[in-house]
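Please see the structure below; I have some questions.
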Amino acid sequence: MEYANLDMDRRERTGAPEIIYGAGKTPEQIIGIVKSMISNGEESVLVTRLDEDKYTEVLKGFTKNNISHKYYEEARALVTGDMKAPDGIGYVAVVTGGTSDIPVAEEACVTLEYLGNEVKRVYDVGVAGIHRLLKREKVLKGATVVIAIAGMEGALASVVGGLVKAPVIAVPTSVGYGANFGGMSALLSMLNSCASGVSVVNIDNGFGAGYQASMINHVTKL
Amino acid sequence: MEYANLDMDRRERTGAPEIIYGAGKTPEQIIGIVKSMISNGEESVLVTRLDEDKYTEVLKGFTKNNISHKYYEEARALVTGDMKAPDGIGYVAVVTGGTSDIPVAEEACVTLEYLGNEVKRVYDVGVAGIHRLLKREKVLKGATVVIAIAGMEGALASVVGGLVKAPVIAVPTSVGYGANFGGMSALLSMLNSCASGVSVVNIDNGFGAGYQASMINHVTKL
Amino acid sequence: MEYANLDMDRRERTGAPEIIYGAGKTPEQIIGIVKSMISNGEESVLVTRLDEDKYTEVLKGFTKNNISHKYYEEARALVTGDMKAPDGIGYVAVVTGGTSDIPVAEEACVTLEYLGNEVKRVYDVGVAGIHRLLKREKVLKGATVVIAIAGMEGALASVVGGLVKAPVIAVPTSVGYGANFGGMSALLSMLNSCASGVSVVNIDNGFGAGYQASMINHVTKL
Amino acid sequence: MEYANLDMDRRERTGAPEIIYGAGKTPEQIIGIVKSMISNGEESVLVTRLDEDKYTEVLKGFTKNNISHKYYEEARALVTGDMKAPDGIGYVAVVTGGTSDIPVAEEACVTLEYLGNEVKRVYDVGVAGIHRLLKREKVLKGATVVIAIAGMEGALASVVGGLVKAPVIAVPTSVGYGANFGGMSALLSMLNSCASGVSVVNIDNGFGAGYQASMINHVTKL
Amino acid sequence: MEYANLDMDRRERTGAPEIIYGAGKTPEQIIGIVKSMISNGEESVLVTRLDEDKYTEVLKGFTKNNISHKYYEEARALVTGDMKAPDGIGYVAVVTGGTSDIPVAEEACVTLEYLGNEVKRVYDVGVAGIHRLLKREKVLKGATVVIAIAGMEGALASVVGGLVKAPVIAVPTSVGYGANFGGMSALLSMLNSCASGVSVVNIDNGFGAGYQASMINHVTKL
Amino acid sequence: MEYANLDMDRRERTGAPEIIYGAGKTPEQIIGIVKSMISNGEESVLVTRLDEDKYTEVLKGFTKNNISHKYYEEARALVTGDMKAPDGIGYVAVVTGGTSDIPVAEEACVTLEYLGNEVKRVYDVGVAGIHRLLKREKVLKGATVVIAIAGMEGALASVVGGLVKAPVIAVPTSVGYGANFGGMSALLSMLNSCASGVSVVNIDNGFGAGYQASMINHVTKL
Amino acid sequence: MEYANLDMDRRERTGAPEIIYGAGKTPEQIIGIVKSMISNGEESVLVTRLDEDKYTEVLKGFTKNNISHKYYEEARALVTGDMKAPDGIGYVAVVTGGTSDIPVAEEACVTLEYLGNEVKRVYDVGVAGIHRLLKREKVLKGATVVIAIAGMEGALASVVGGLVKAPVIAVPTSVGYGANFGGMSALLSMLNSCASGVSVVNIDNGFGAGYQASMINHVTKL
Amino acid sequence: MEYANLDMDRRERTGAPEIIYGAGKTPEQIIGIVKSMISNGEESVLVTRLDEDKYTEVLKGFTKNNISHKYYEEARALVTGDMKAPDGIGYVAVVTGGTSDIPVAEEACVTLEYLGNEVKRVYDVGVAGIHRLLKREKVLKGATVVIAIAGMEGALASVVGGLVKAPVIAVPTSVGYGANFGGMSALLSMLNSCASGVSVVNIDNGFGAGYQASMINHVTKL
């Protein structure tokens, strides 16, 4: 129950809604935690890393307990209750290099929306087609925070970092093969970005990037 | 002239003062770039990664050219002209695990101050003496952004990340020996932080952490 | 039959009960070894790394041979005969960062109990919620030995090492993803602990930690 | 001042004498910390990782301040005041594979003696000459704790772990070349020891092994 | 058809019987190569890395074509025709640390026997029970070549290397878990052996060790 | 004399002028090889990896023997006799991310010019300032081959690879610090480039890139 | 849709036919992209990394839509419409060390043929049988570009690089086991080739090698 | 005194002359050990890894004590007394890829000659010039054992392994730069050799290869 307990602690401090890390928990555990949160008065709960098979099991428990929710297939995430209205400083731009990075991006997006942020998606604008990326320059420049998500050589973070004045949170993905060594190539690339203003989270950690981006977008309300 | 050119680009967008990455440049190159920036109307310039030997050479050129400046020995950084007054949302807390991490921390601090941020230093509060860290909980909780700097096992980032509601930028340092593999242990530790809201920059990259923290602290002015 | 033979050697020296490493042995081999040990007069035998599928097969052989035993599902371990009564100097505290670390922790606990130690479990007290850990400070401080088990960034070992005066045996786990590289992040973190008095065993090696902790708790009887 | 502060915290809990980690501190810092400790009533202080050049500088300050002490050249360590008389349960055996491992071993020995332990040195008994090691079997078997120190392939820990019933703390050293990768070969070897009852500290960390061995040897007094 | 072709080249030079590397070949390919070799007059053929499932398919083809052979289950190897009588200088001792290393050892043994060597098996004599190993000292000392096979910490090679005057070929195995990193721990350990006279082959490469040992045992006949 | 002999072999096939790899050769060896080549009728010789100190020694020998030559300081290379006139299909563009990459770039350029290629230098156009790179798009698009040289995150290769229709040879450099691990970050980044048409040479291998680029630029003359 | 979009960009510049990277795309996505390309007037499309199971699904959609095509089983690639006639400068030689490297080689060959190149296959000529390789020296020497493909120790690239005057593109494969670490051994080997004129692509990246080889073979037409 | 003691043990078994590993020993220690060996009746002693500076010091002690000896500069080795006459089965061929590998080769050669072997040197025959290597095929084929020494991509071992019927001992060297990672590239290459009959020793370990080759060359006398 890592996340759950942890965020109960955080919540006293932050008022943020509840988040459960679904990987490594059984459907029964997830159903139980959610039920107990709802009876504690939570209006909504986010469950991440919930693959479709496990969701099928969770769904049965939710149906039996009349728990209204929405499952986000690409993001492998589930939200009970209603999404919060956006109340951040501005919007967060979520950018990906390729289509294979989209599941990680959607995890970031659902997290952001759950935490009350407006999100603009800028997908499939990898640096090998730089003019496609530049066509989206305006939407990138208008963001309060940019999340740059890429596998393979992870060059997207540097190019985006050089274009915008907002902080960039880079998410390396495990997309690729061979000498990408499970995401290591993109990870090292992003850590060594020649652009200032870029920081990095764990490989495939869309949730972590979304969570921190929300903090930044709400920094005046902390 | 990596940084220099780059930031000239950035500057058009951001209005940020100029920054020169001193490592890998000769004293002559540094003197030349600074002179040319000043004649272009720059009120102040920050030079990072300028060790004492190189500074001694740079100093001669500055004296000859009447360039007023201040050298920050621990931070291995130099600022020409006057520091900007703090104008961010709040203050940035810079925390270190040990005394050996202080040079990296000071690089972050000088960068932050140069970019117009109030800084509070919380040094030598490594997690092996958790009660010493907790005595400083209040100053950590009041910050807009926290920079957590540690070598060895890098556990500081997780503990701090669990204490505050502000975003945490973690800086692994190369402090340690043996199985720290030049900072790899702290780097991996911070990337795998179990606390939400933590992102990471390159090993020993105090400048990068300071730069992004300033962006976050000025996020409403972007 | 690695463990088995080895511990027959050890046993002449130590009088400790028998232990069989179940991974890489067929159910038939396990049944055979246990039977032969019992006919050699062993009162009890511990089988570790015995997953549920293999246990199902072993169970059939035990039933046929009338071998009384108990299977510990979470620990993936089996003990024949009766557990020894605790006879160590004091108790051993077994601490985990998260719930996913519990299988490793239970392997340590069953090993400890099998070897005649009192165990106190302190689970799910990861450093991202430091105050939850501190609420358990007293039980940690009373222990003769502490086993600190954590995946991801493995920071628990350092924080616990700084709190107690007893030796700490750290067990990195493979819990996590991406840049945890199968437990490497927690392993390096624990080896580089800034707290004195911490030593480390192999990734996920709950048995090894329990075995050494028992040695320390019985050090006056060696 | 990492160690220093840290151990002041520890000391309130443990009554152990003071320890300063000398690497990364200037001679002036070391002199200052020792002076302040002595004026706080410390009867003795241990300074580790103090190479000969730095000691020469420290010596001047000590002479000027009339601080009586002894410098242990091989251990690169210094102790002020008098050594504590041994008061542990038994003695600690410190074993090395080769002569090049002796500096690490002596760091462990001085630490142990400083903390009140009787030490028996068993040097240069590497496993390639197994009969030489076996001639010392009796002294190994009589110890309360064994510290096994080896570089290269680090096999010593496993062989010793199989011989004794006491806990073994293994210290990999960086002795070797080529594919030893700075101590990685011995480190991995020791972590994967097929003998039960072995735990491991950082590469070349003689101090850490000595400190934990002392804890175990004093476990009844915690 | 790597091996096959290659060894046809070798064979012109060496007169050695034929060897086929079975991994990565379909049952059809294996049947085809064997048939063509037999019609070319080969008296016997060795097929390595042939797991049981694949053998079941190969068996059908052999039955249909009346190819007499023997399948060695533990070695995952197959030999057509008759084994050569031993004609080397002396015998080769094949030693393993644990029972899990036996499949690799048997691959070496079948290779050796196929190439006309007498083999003595010394299994399950890991260094954690050094006295068990020493009981077999005589058989080890009598060998022309020793093959030392071990996973985990791979210490066996060094101990055996120190005992005998014959060349030792060390085979690291992937046996173990966690920080064995797929055999890397034993590999590095063996490469850094402090005993003279030890060389190393690839992880799990029983065939390679057997092949070279046979060369050495027949060195006078080259 | 690696290169020297090797290229004598190559030369029979290619008619290319002679090349000597200077690293790891003494000044005396270099002088001797050059003298012998000249007396064998070579019109010109290229010596690479010749740092300034070694050149000072070589210069003495050359002066004594009346060997006319030119030393290229940034490239750390020396050419005797006259440069060949450009005779390739078109020109080769040599692009760098930063100024610190220039020594590697100049090694490529001198190699190219020595082998009869026209070169266009496009330096200091790192991807963090993408618009600066795009201003040079035309010169890049006109090249027969492009050599893309970058350290840190090495993203330049992907962006350039996406812009041009010519083959791109990527050279990772060791420029950077911390998690660049001596050039590994740029190397992995370039190997995983999402742009088609990019291949990679060893870290800092400007010579190798120049040599292959010349082959491609002369492909019709092979 | 990484490749697809990217190559649409490229195509405007290059006139090359379309290429789709099939891995990580669903059969439905592939069918959709191909259909849309055909309706945009594409005469042929190449789909790479399309394993047999996925092809079975794609086939249904193609049959329903009357899309004529050919599936290349070994290459795991599919081409719609007709292959272009060879129009390069000369032919490309594709060389492999063993038979297990052939799938990667065929991916290169189909890519080359699709892009209008004549291909000569030289398979199974690994360096352990050097005379077999030398028998093919003539066909290697006649090529405009050579693609050298090998797993295990990857030595083929160096030997071939020393034989020919054409540029060599080396493709490391993941063929092998144990210390090949998923292709790392061949990759490092090829990057460190002592032969001049060799560059390297990602592990198993037959497509990338074929694509760049085609660029070189068409370099006069760029 | 690692080697020294060790070989005293070995010597009782083998009658081999004495060997001292000079690295990590002071000149005084070396002089002392040699003197004591000579007074114990040793006719000759080999000291390895003795660089020139240290030799200069050792020389003074030898001169004072009238110890006749010869220093082998390239091999960094010293032999007291007279070399043994060759008495092995045949000769050992020592092959190198380049000239930079010669110091490692000479260490092997001096070791071999000291142990009574005839040696044939075949230097600078790297695989990039395969025809040069083939010109020496006859001398390679006549050897009882071949030692193949190479840095960079280490391909020499595979090519030689495919040419001869004798066992090949491969020595990877640290020669190279960048992605050779201190000899790792050659090491992995040699471990993954596609030729049968190749085994490997540590990076730069000329002594180890020579020692084992001598064992094989004397295998009938063991």
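Residue numbering begins at 1 within each chain, and the chains themselves are lettered A, B, C, D, E, F, G and H in the order written.
The rule is short, and it goes like this: contacts are C-beta pairs under 8 Å (C-beta built on N, C-alpha and C of every residue); 3 or more make two chains touch, one makes a residue touch a chain.
A quick note: this is a predicted structure, and the numbers were derived from the prediction, not measured.
The chains that touch subunit D as well as subunit G are E, H. Counting hops only between chains that touch, subunit C reaches subunit G in a minimum of 2. Mostly differing positions are employed by subunit B and subunit F in their mutual contact, as under half of the interface residue numbers are shared between these two copies. With C-D and D-H as the two chain pairs, more C-beta contacts join C-D. Matched by residue number, over half of the contacts between the chains of A-B recur in the interface of C-D, chosen from B-F, D-E or C-D. The chain with its Cα centroid farthest from the Cα centroid of subunit F is C.
We define each chain's centre as the mean of its Cα atoms; on that basis subunit E and subunit G are separated by 36 Å.
Averaging Cα coordinates per chain places subunit G and subunit H 43 Å apart. Mean C-alpha position of subunit B lies 51 Å from that of subunit H.
The multi-chain contact residues of subunit E, meaning those touching 2 or more other chains, are 2, 6, 9-10, 97-98, 126, 128-129, 162, 178-180, 184, 187, 191-192, 194-196, 202. Taken pair by pair, the chains that touch are A-B, A-C, A-F, A-G, B-C, B-D, B-F, C-D, C-E, D-E, D-H, E-G, E-H, F-G, F-H, G-H. Touching subunit G in their complex are the following residues of subunit F: 2-3, 6-7, 9-10, 13-14, 19, 89, 141, 144-145, 162, 164-167, 169, 187, 191-192, 194-202, 207-209, 211-212, 215-217, 219-220, 222. Listed in rising order, the residues of subunit B touching subunit C in the complex are 97-98, 126-130, 134, 151-155, 157-159, 161-163, 176, 178-181, 184-186, 188-196.
Against subunit H, the residues of subunit F that register as touching in their complex are 1-2, 5-6, 9, 23-25, 172, 174, 182-184, 187, 202-205.
Contact residues of subunit A toward subunit G in the complex are 97-100, 124, 126, 128-129, 131-132, 175, 177-181.
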